[in-house]
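This structure is in structure tokens; I'll ask about it shortly.
A, B and C are the chain letters, set down in written order, and residue numbers restart from 1 in every chain.
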């Protein structure tokens, strides 16, 4: 039987945004069930309702977190339907709790070993629209406390092996208009040119090396290829959205 | 005499927004005066300068919090004037600290029992514009630490019994354009149609059950009637603002 | 040799914004290296890439924090270049960690005594674009834990004595369109009129004292002169931006 141990951190990765009571309500549930764990808001503007883009983004962020960290991950367009099951993934010693809709596929694919479970445990009250608060948060709290909720081993609904390791698409736009891609920089030469919409984009090491208002790509701080412009909004200038596809030349 | 006990949580509900130093300064005051309490940001985009809408919103959110929780609540258009008094409310075992401008009326009205006090305690320094930091936060810290500040029992400035239990108005717009109303879903049949501006809006259980781009109402995760559109911005499409009134048919 | 002691608080002041994983990643680094310290998000919308405006803003906010507080401060347009050095400042007992680009000049100028160091300590991995996470956060964690990283005493790159004590410019716009200036209210008479663009702006004690839609200046809760309009957006109405200059008449 799988064992859980006390974890030091619960990490939140959602598409809730900072507005509204949603993040606060989720943390209130955690705060009533765990005491010593630090809760980290990793991000709350994950690609809204886009689990595929979110899967590549999440996978680029987990490496610095210690084993036994519990990630509470909610990007869940199918909430309240039977289309998707609630699940737990354990990959390389870290736990992930959220909907089984592809969100964890790149984590699983990149891991040395992983196991997945469907969550059988049920809360007393389950709203139709907020499983993050009612179901996933209590499960995350149990895992972080060294307890295992009722759950059954399963395969992920989508086979991670069917997904590409690199995704030649925009997966995230930040507040400054920088556009992350699903491409790992280690898989691409600095000589490579990216084509996106009708623009050609070359490499620069840092913003200051690029001409003002000229698009460039660089290796972002999480190891992904990112498209940016020095002191300008690349997403706007190049008409980039989450899902826009790229060619590598 | 009223007794206070150590509380586990201090919950913030304000209209400060996340920008600027305001939330941080308020938490810095709390962090210097309490040590073991968890501070939860429930929301910082409460209806700006609209204590009536905020009163209905706040009341929909408090039930899951344990007794002895201290709520620090600031929606305060009259700050720095003599028009409103600083107050403490105790209702069903939970504490509320903030301006006596109607903010606590629905909490009081819905409670089994409540008591209100005007705050006599004064800080050494009181700015004209930031009583949240200078007055309400230290009072919340005292209550959370099991101490009672100097205060005198009183009636609320507005009589809670004069306010309707349900408010047939929009009380909050979230980041996705979903519009919360002040109507408790338990008071309304699923057969009911809502009229707002010139639109007619029927019930759907979840987003996925509604046609794409069609407005519907549903029971939100806090038990309020909420107007939404599947993958579209209901507030924009229906021209909804905080205060827009509804008819129930 | 300088001594460091355990501090109670680590205070974050950055221009990262709340979107993206940046604040979360920085806090994850801190959470793995400190245990008992409270982490306060003072602000994450400091003037983007404008260390001079940020310097006046930061200096207006530090006074309420206890000695030994560690401020982690990142407004860093020169990240990844050799143009600026990473530095530590100790001023009036408080620690500051960040780039040596003028950010700490007003803190230093206003202090009774200060000392500055260039940081010699190097992390195992240093990204080109995120020194906040890779370099400044670990140094802040060391200082907060009572340890001194390898560092060498130095002078600040820009001499604080060359900077004016008051800056007759807009240094920050808040979400409501209120415009902070770099002027200390204690240096200005309530009879003074401010000229900005072509508008003349007189003093009012509180918002409620000003006519609706009329610009006024008041003493904000941090002691700076701030320009506002009652129930309107002063920045928009008066065409104010960070850096817009003022005359005092």
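Assume a contact is a pair of C-beta atoms (placed from the backbone, for glycine too) under 8 Å apart; a residue touches a chain by one contact, two chains touch by 3 or more.
Predicted model, so just to flag it, every value in this text is computed and none were measured.
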On Cα atoms, by how many degrees is chain B rotated relative to chain C, nearest 5?
120
Answer with same or different: of all residue numbers used at the interface between chain A and chain B, are over half used by both copies?
different
Distance from the CA centroid of chain A to that of chain B, rounded to the nearest Å?
31
Multi-chain contacts in chain A: which residues touch at least two other chains?
18
Hey, which residues of chain A end up touching chain C in the complex?
8-9, 11, 18, 38, 40-45, 61, 64-66, 172, 174-176, 205-208, 218-222, 231
In the complex, chain C touches chain A at residues 17-21, 23-25, 27-29, 31-32, 48-49, 78-81, 83, 127-130, 133-134
